[in-house]
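Two complexes, one shared chain (chain A), two partners (chain B, chain C).
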Partner chain A sequence: MHTIYARINNTSAFLSSCVTALLVAIALSSLAFTADPKGQLAVASIQVHPGNARRYANKKQEFAFVNFNVSAGTHLVMSARAVSHVHACSKPDLSPLFNWNTKQLFLYLSAEYTDKKGVANEVVIWDRIVRRKEDALISTTGRNKYVFRELSASFRNIPPANYSLKYNVMPYVGVLTYGEAARTPQPVAFPELQSLS
Partner chain B sequence: MFADELKTLRRLGFRHVLLQVLNFMSVLASGFMMWKGLGLVTNTESPIVVVLSGSMEPAFHRGDLLFLTNPLDQRYQAGDITVYKIPGADIPIVHRVLETHDGVTIKKGRIAASRIAHDQLLLTKGDNNYIDDLELYQGLEWLERQHIVGKVRGFLPYVGYVTIAMNDFPQLKYALLGGLGLLALVQRE
Partner chain C sequence: MSVVEACPHRLTQSQTLAMQAYLQQVFEGKIDFEGQKKVETLVRTVIIAATIGSFLLGFALQSLRITLGAFSIACVVLYLIVIPPWPMYRRHPVQWLQAKQGKVQ
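Now for the complex of A and B:
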């Protein structure tokens, strides 16, 4: 009854149930934080250039290039289609998303459009990992990190796309949650193909 | 060293050994039933997976546990973290969805088990990788729903490291299994 084996057994069982209860409590507690921060996002322009497909070097493929500017304060209006950059401007302060169970935020900027055949597309063109609350005021200038291409290899006759900044809150323990921080007020049209030089 | 244990074993008799073996098997069977039941509820072949690589760091490290679901009526969205298994590859991969294209099929003339089962094309990327996973797809151009094991819904750090340790050091596995089996045999109550 009071052997060392029994004592070890009881102690470790008690400890592990305590740890489990604590972890469950922490995971449930993060459901009580319901921050939903919002910013604005505006796209200035897009550039479409011809190129070659990645796998098949002789296959033509068009690429869209998106320059955006996520910055504090300034809010750019949508400029003319002739301008050859996309400016996405927003000031989302995502620090309310950081609570005691937030390990990191995964931010991503995605383009959403449905083509005329009804194929719905969602393409992530930029992302960022935010690990500290101090870095959660998003203010940056950049261009798309990932290639933006269309399934049909061409952006001709593709309807305008919506751009949105979304986040994934990743906890130390528990459930992963998702949300949207900003979205372009109107869909942004793709420009005509530009040839290089 | 084992003289005492052997003596108790002889004293307890053959029937006791049989009973303990039966107990051990019923524990195994109920564990297997719970695993498969969870798989039925979540609609995935493995509802709990262990992270094996560092390609999703700093979010997921080696040895973290992930809880998956794969609801049949939900499409995957960009930003979701999926676990996928390419035919021919031996281990499943945990990466984030970078592109989704809904309503397209690659191969015509195949009968889908579900209306949405085959009409979504996905491209994934590990958070810690610089480029997308095209090189990992072993010749496939896109991931399809049939390759997806599930979507990551929950996270528990470190716990899965036990299985990695047992894989890396097989002696540990045999020692653990042997010790448990011996304990089950000689235990009196």
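Now for the complex of A and C:
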């Protein structure tokens, strides 16, 4: 500590240890936030249409089109005029997931089914990045953003699929955490092939 | 009379040596033993306090920006206090004994 260089050196060395400790403390503080928000997810309709495989012009490939509602939330709201009229607040509120160490949320909707050979499949068909707490009220009616097809090229005899809305909390410092915000109550069957008119 | 007037082209050897010594003193920034002790204590106290304090402040206000901002400000201020050889770190210069007469050749 006798010269300027020694002081810079010693101070910076101790500083870097303390910065590390601070960041570890911030990362661990995320464990104190145990929010687990739940919403509801309903599949409005599924259609299966034939098409051509992208790479091979002669190969037939079936595509599934899923319309879904990420709708009813956890909070039941009583209507002021008629108490008997209970309707669900139509927004799963993911804002509890935003704490001081949350950078953004990655939401994704996946179809889960086990095929004939017993292989468990999980296909992500929609996603959304939520960057701000104000945008964490999810109320959307959508359809699959990404192509939904089966490896065997056909959805015939594929067992009904469960659909789930999952989230991935991305922190500024620390580990990624995953969770499930909503799930279809019953598995939804794939319909018969429809031809495009 | 300035150096430039007396010798426009180059400095004399003794002037160069004096300047070297001066620059070395400025860039080394030596402080005395008491000052070193003071700096050591100050650094340890302030950095630990800043770490704990900024964490609690940011946690209370739920803002990582406040945590890191407060910590950075504390560190910059600490560096300004601790790095330059301020006079308060040079108040106790080492008192050397007088050189003994007659023994030096």
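The criterion applied here is as follows: the second predicted complex is superposed on the first by the 175 of 197 C-alpha atoms of A that agree within 3 Å, B and C clash if a C-alpha of one lies under 4 Å from a C-alpha of the other, contacts with A are read in each partner's own complex, and residues count from 1 in each chain.
Quick note on the criterion: contacts are C-beta pairs under 8 Å (C-beta built on N, C-alpha and C of every residue); 3 or more make two chains touch, one makes a residue touch a chain.
Treat the numbers as computed from the prediction; the structure is a model and nothing was measured.
Novice: With everything superposed onto chain A, say whether chain B and chain C fit together or clash.
Specialist: Aligned on chain A, chain B and chain C fit with no clash.
Novice: Touching A:Ala189 in the superposition: chain B (first), chain C (second), both, neither?
Specialist: Neither: A:Ala189 stays clear of chain B and chain C.
Novice: Counting only touches as set out at the top, which of chain B and chain C does A:Tyr146 meet: first, second, both, neither?
Specialist: first
Novice: Please determine whether it is chain B or chain C that touches the greater number of chain A residues.
Specialist: Comparing touch counts on chain A for chain B and chain C gives B.
Novice: Looking at A:Tyr172 after the superposition, I want to know if it touches chain B, chain C, both of them or none. Which is it: first, second, both, neither?
Specialist: So A:Tyr172 meets both chain B and chain C here.
Novice: Please indicate which partner A:Ile129 is in contact with in the superposed arrangement: first for chain B, second for chain C, both, or neither.
Specialist: A:Ile129 sits against chain B, while chain C stays out of touch.
Novice: What is the contact status of A:Leu137 with respect to chain B (first) and chain C (second): first, second, both, or neither?
Specialist: A:Leu137 contacts neither chain B nor chain C.
Novice: Name the contact category of A:Tyr108: first (chain B only), second (chain C only), both, or neither.
Specialist: first
Novice: Please work out whether A:Asn121 is in contact with chain B alone, chain C alone, both, or neither, and reply first, second, both or neither.
Specialist: Only chain B is touched by A:Asn121; chain C is not.
Novice: So after superposition, what is the minimum Cα distance from chain B to chain C, given in Å?
Specialist: So the smallest C-alpha gap separating chain B from chain C comes to 13 Å.
Novice: For chain A, give the residues common to its interface with chain B and its interface with chain C.
Specialist: Touching chain B in the first complex and chain C in the second, residues 172-173 of chain A appear in both lists.
Novice: Would you mind writing out the residues of chain A in touch with chain B in their complex?
Specialist: Contacts found on chain A: 23, 27, 54-55, 103-104, 106, 108, 110, 117-124, 127, 129, 131, 146, 151, 166, 168, 170-176, 178.
Novice: Given the complex with chain A, which residues does chain C contribute to the contact?
Specialist: 27-31, 36, 39-40, 43-44, 47-48, 50-51, 54-55, 58-59, 62-64, 67, 71, 75, 78-79, 82-85
Novice: Under the definition above, what is the set of chain A residues touching chain C in their complex?
Specialist: The contact residues of chain A facing chain C are 1-5, 7-8, 10-11, 14-15, 18-19, 21-22, 25-26, 29, 99-101, 172-173.
Novice: Sort out for me which residues of chain B touch chain A in the complex.
Specialist: 58-59, 77-79, 81, 96-104, 121, 125, 127, 132, 134, 141, 152-157
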